[in-house]
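Two complexes follow with chain A in common, the first pairing it with chain B and the second with chain C.
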Partner chain A sequence: MVKSIFYKEWLKIRWAFLAMGILFAGVLIYIYASVGHTFRFNEAPGYWYNIIYRGVKYYSFLQYLPLLAGLVIATVQFVPEIQRKRIKLTFHLPVDEYNVLLAMTGIGYVSLLVIFIVSALCFLAAGYVFFPSNIVHSALGTILPWYLLGLSAYSLASYIILEPMWKRRILYILFAVGFGKLFLNAWFYNIYDRVLLIMIVVTLLLSVSVIYSGHRFKKGVYK
Partner chain B sequence: MEYAVECRNLTHYYGAKKVYENMSFNIKTGSILGLLGKNGTGKTTTINILNGFLEPKAGECFILGENSQYLSPEIKSRVGFLLEGHIQYDFMNIYQIEKFYAQFYPQWKKEPYYELMSKLQITEKQKISTMSCGQQSQVALGLILAQDPDLMIMDDFSMGLDPGYRRLFVEFLAEYGKAENKTIFVTSHIIQDMERLIDDVVIMGYEGVLHSSSMEYFMNHFRQYDFLLKDGPAFLEKDDVVVNFDRVKNHAEMYSFQNPEEVKKYLKEKGIAFDNFREVHMTLEDAFIGITGKY
Partner chain C sequence: MIVRLSRYTLILVAVLVMSVYLPDLYWIFFDVKTNTPYLSYSPVDSVFIMSRRGDDGQIFVDADGNTYDRDEYEAKLPFFYYMQLISDGRMPESIHGVKLDPNEIKRNRNMHRIRPYQLDQPLIPLYPLLESESGRVRLEFPEEFFRIQNKRMEFINSVTKKIDEDLTERFTQALIDNGFEFPAKSVFMNPTTRKAFDEGCFIIDGKDELYHVKKAKGQPVVNKANFPASIPIRSIIVSENVLKEYYGVVVSDDDRLFFLTYDNYKPVELPTMGYYDSHYSTVIITTDLFFRQVSIQNNDRIDVFVTDRDYNLLDEYHESWKTRDDYFQGKVANFLFPFTLTLYDGSTTFVGLFTTWNFPLALIGNLIALIVFMFFLKKEERTFKSAIPELILVTVTGFYGLIACLVYIYVPLWRPERK
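Right after this comes the complex of A and B.
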């Protein structure tokens, strides 16, 4: 069952997955090309001072990228399912409906994790070339909430797309925007370190939220 | 099992709007039943309840012995489902979609699917979304045939099809249903398609089920009478004899399950003077309009 579901979901997300992979690679190349350029052609002590004392993040271009990836993967995966209520076909498959939904979101999740983990490893590896390890590690602690936001955005977007009522969708979007902002307040390094564990737990809990809107869709609940 | 589908006392509302109340019907195993009704009478609502996509306010349906709200994977594998408009995963091509579905059904038969596909003028890698409505209908039908289900539920199968494909669909379905002893439940807004296909008919109006019987009984017993009114009331109310009545000037049209002699007797008892009384031959479409009314 999982193999077949994976096949269907992969057909939907493959181009978006590829595009996001290229975008992440492009942004990482741009970030470190800029860092290299600054070290080589500008005044390195000034740049160093900005990073250490003023909290300037050389990787700020990365901030909204996981969010974008989460939204794009959820959209290409679930919008075709609700167009003309096509998800009825999925619910009619001879397997448990909720397991199918979990498998679908699991595949979206894994595809995002692949992009995020590979990009984070590249980010780290390239970081070590230019900076001491404690700066690179604190940078990783700073970008982690952005990656968690990418996963949460994927879960919330899937949940909202599958919700059958527009009134509720709008309500959920407002909640999601407020919730998302909580992940983007990193005005200085490692500001989220103490709540990182809670953020991970919340992100994981959100990953199964799609079950509820899927259930409402399946039962034809329109209120 | 005598009935493949049993629905008892179905009641459903959308908000305050009643769709129907206490609707009951059964589908005999191995028969083809057509659910006919004008737009908004609850055909798709019924299909959604049957597939467990909608919870009725009251009542229940049993599909192959299981409550439709809690269908097990085993029962779902025995039910073929055609969505209104022949909707499928149209981001796939015909090979990808066959490969996808085949994994779910142990009794999957790909031969009838590819036989049907070989008749379509499509390229090997053409996505389903780029095919015509008629071609998409054949893909959806081919997938159901490959699934080889005991019960086929088809929601408005004629939607978007040109006359050739409609005829092809109906003839194939009728032949296949009989040859393989399949139970088929169909709805269609094109009534003339049904005449060649169905064994039993359920006709729905805005108040619920108007009539339910075998097609043979319906076509043999439901009659249209035309006559000229000499004088008398402008309109006959519906009752045990009068199913529907329409009048343009002094030309009257009356629909009834009674035979001509009984209708004439009825009119005389009501004191209605008439002339040129005659029974009019009806197609299923005429009979459908006769029982549901023109408005």
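Right after this comes the complex of A and C.
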């Protein structure tokens, strides 16, 4: 049964997954093509100086990409479920409703992780070609919160979509937007280093938030 | 279990989000402006003179309460406004028998502003060691950046991205010959080409010894500073200036300030009288032809000390004012918001979770929130016993917790599904 659910979910997200994969690849190619361009047309020491002392981020294009990926995957996965309340059918299957929901979000989560990890590894590998390890590692530390935001956004978007009442959905969106903004400060590189652990814990805790909406849906709440 | 976990996580996130944004929103409407004076010490009649924003524009007063217009104010501060005074033909020939030469005034005039977040910021440990005796008028960035590894001072060429073994070997050897112990603890420099000359960098080695390292005609120049161990260095703000009296300002771990002088790196302490807190105060150090001035600015006060050129204290000025917490708006805020969370508090460049608790005033607000919540529970026909975690949350987080609990409403697990 769970296997069929995985297959059903994969059918829903495969095109979005592919599109996001292509988008990440495109952006990475763009980032390093422009880095290469800068090295050819500017003085290398000046470029290093700007990165180290002025906080110029050659990878700033990546900032909103994981967020976008999280929102897109959540949308293609859960919007069809609330159209004519299809999710109700799932809840009538002879398996535990919460396990079904966890399996559904699990596959979304894993597909996001695949995109994120592969892109981060490519980002690292290409970085070593152009920069010394100190700059590349700092860059990785700086993009990590953006990736965590992508995962949080997926969890938050899926529970917001699954919520039955619009009145509550609006309040959820307010909290979610406020929460997301906390990950996007960019006044310098590596500024989140000291709170990364807390961010990881909160992101992981949020991964089950879809259960709350699923529970409300199942109970047919009206307020 | 998992339903509970998801609900409590969402409630906690909501509380966190509200404690960041709601106080911010409140202060956008009700903030109080405090007006910090800008103080200078007049060499003409040896008195503190300040400009500050009054009810109708800029006003100029001295410490004795005399007011001045702008022209008089500028005339009292010839070391600051000499260009304007010369242009107006009002520049005095001399003050107290000292002849005034514009070039000398300019050479002696320096200002260093040290903000707390500058002392604690992320840094990629790659440093450009400028050529200090290039023979060129303008300084240029070298192709190599150095980093201090476990056993050597390594130069990486930014164009070829290869390690320059020759340069690495020469500098590492020069350091070892001077007793340097790898790895280094910190490196301080002024990495810019916009300065008159270059003094290289200062490095603290593994044994807490301070070293001065320069590149002169491609060769290493290493000096052990023999800096007193009794002054634990938090940071050195290197600032080459044509006065050539000091290399920069040393901030110590115990919040004292020193000039690192050209006299064999001897530290000269600047007066702070315990008012300086390197985590919260902004300090402005100025030098001019007659005086050295240290202004320590805090949220609620300013403390200024003036010394002569031999660093003997001449005069001091203290002023404090009410912060927004002391006003009515502040009391209301403390009542509404049991705590405020900010990601940035000025003491560091890093993001942190900085909380300010507003107890005991917040207790009143929290109590009201708790009563409202109990009414709500009654209306929902819930027993207090079934809502113990929520009751605790509202008691501690007040209105934040109340709103969060009302938004993330409790749906009992046993309630039958509606048909």
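Keep this in mind: the second predicted complex is superposed on the first by the 223 of 223 C-alpha atoms of A that agree within 3 Å, B and C clash if a C-alpha of one lies under 4 Å from a C-alpha of the other, contacts with A are read in each partner's own complex, and residues count from 1 in each chain.
Methods note: a residue touches a chain if its C-beta (ideal position, glycine included) is under 8 Å from a C-beta of that chain, and two chains touch if they have at least 3 such contacts.
Small disclaimer: the values here were computed from a predicted structure and weren't measured.
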Chain B versus chain C as contact partner of A:Lys85, first or second or both or neither: first
Partner chain(s) touched by A:Gly220 [first = chain B, second = chain C, both, neither]: both
Comparison of chain B and chain C by chain A residues contacted: C
Partner chain in contact with A:Met1 - chain B first, chain C second, else both or neither: first
Partner chain in contact with A:Arg54 - chain B first, chain C second, else both or neither: neither
Touched partner set for A:Arg40, first chain B, second chain C, both or neither: neither
Residues of chain A at both interfaces, chain B in one complex, chain C in the other: 218-223
Residue ranges of chain B in contact with chain A within the complex: 14-15, 48, 51-55, 73-74, 76-77, 79, 81, 83, 85, 87-89, 91-92, 96, 99-100, 103-105
Interface residues, chain C side, partner chain A - complex: 2-3, 5-7, 9-10, 13-14, 16-18, 20-21, 121-126, 128, 141-143, 145, 147, 156, 158-159, 161, 191, 343-344, 349-353, 407-409, 411, 413, 415, 417-418
Sites on chain A touched by chain B in the complex: 1, 3-4, 7-8, 11-12, 80, 84-86, 88-89, 91-96, 218-223
Residues of chain A that touch chain C when the two form their complex: 43-49, 51-53, 98, 102, 130-132, 134-135, 138, 159, 168, 171-172, 175, 178-179, 182, 185, 187-195, 198, 202, 205-206, 208-212, 215-216, 218-223
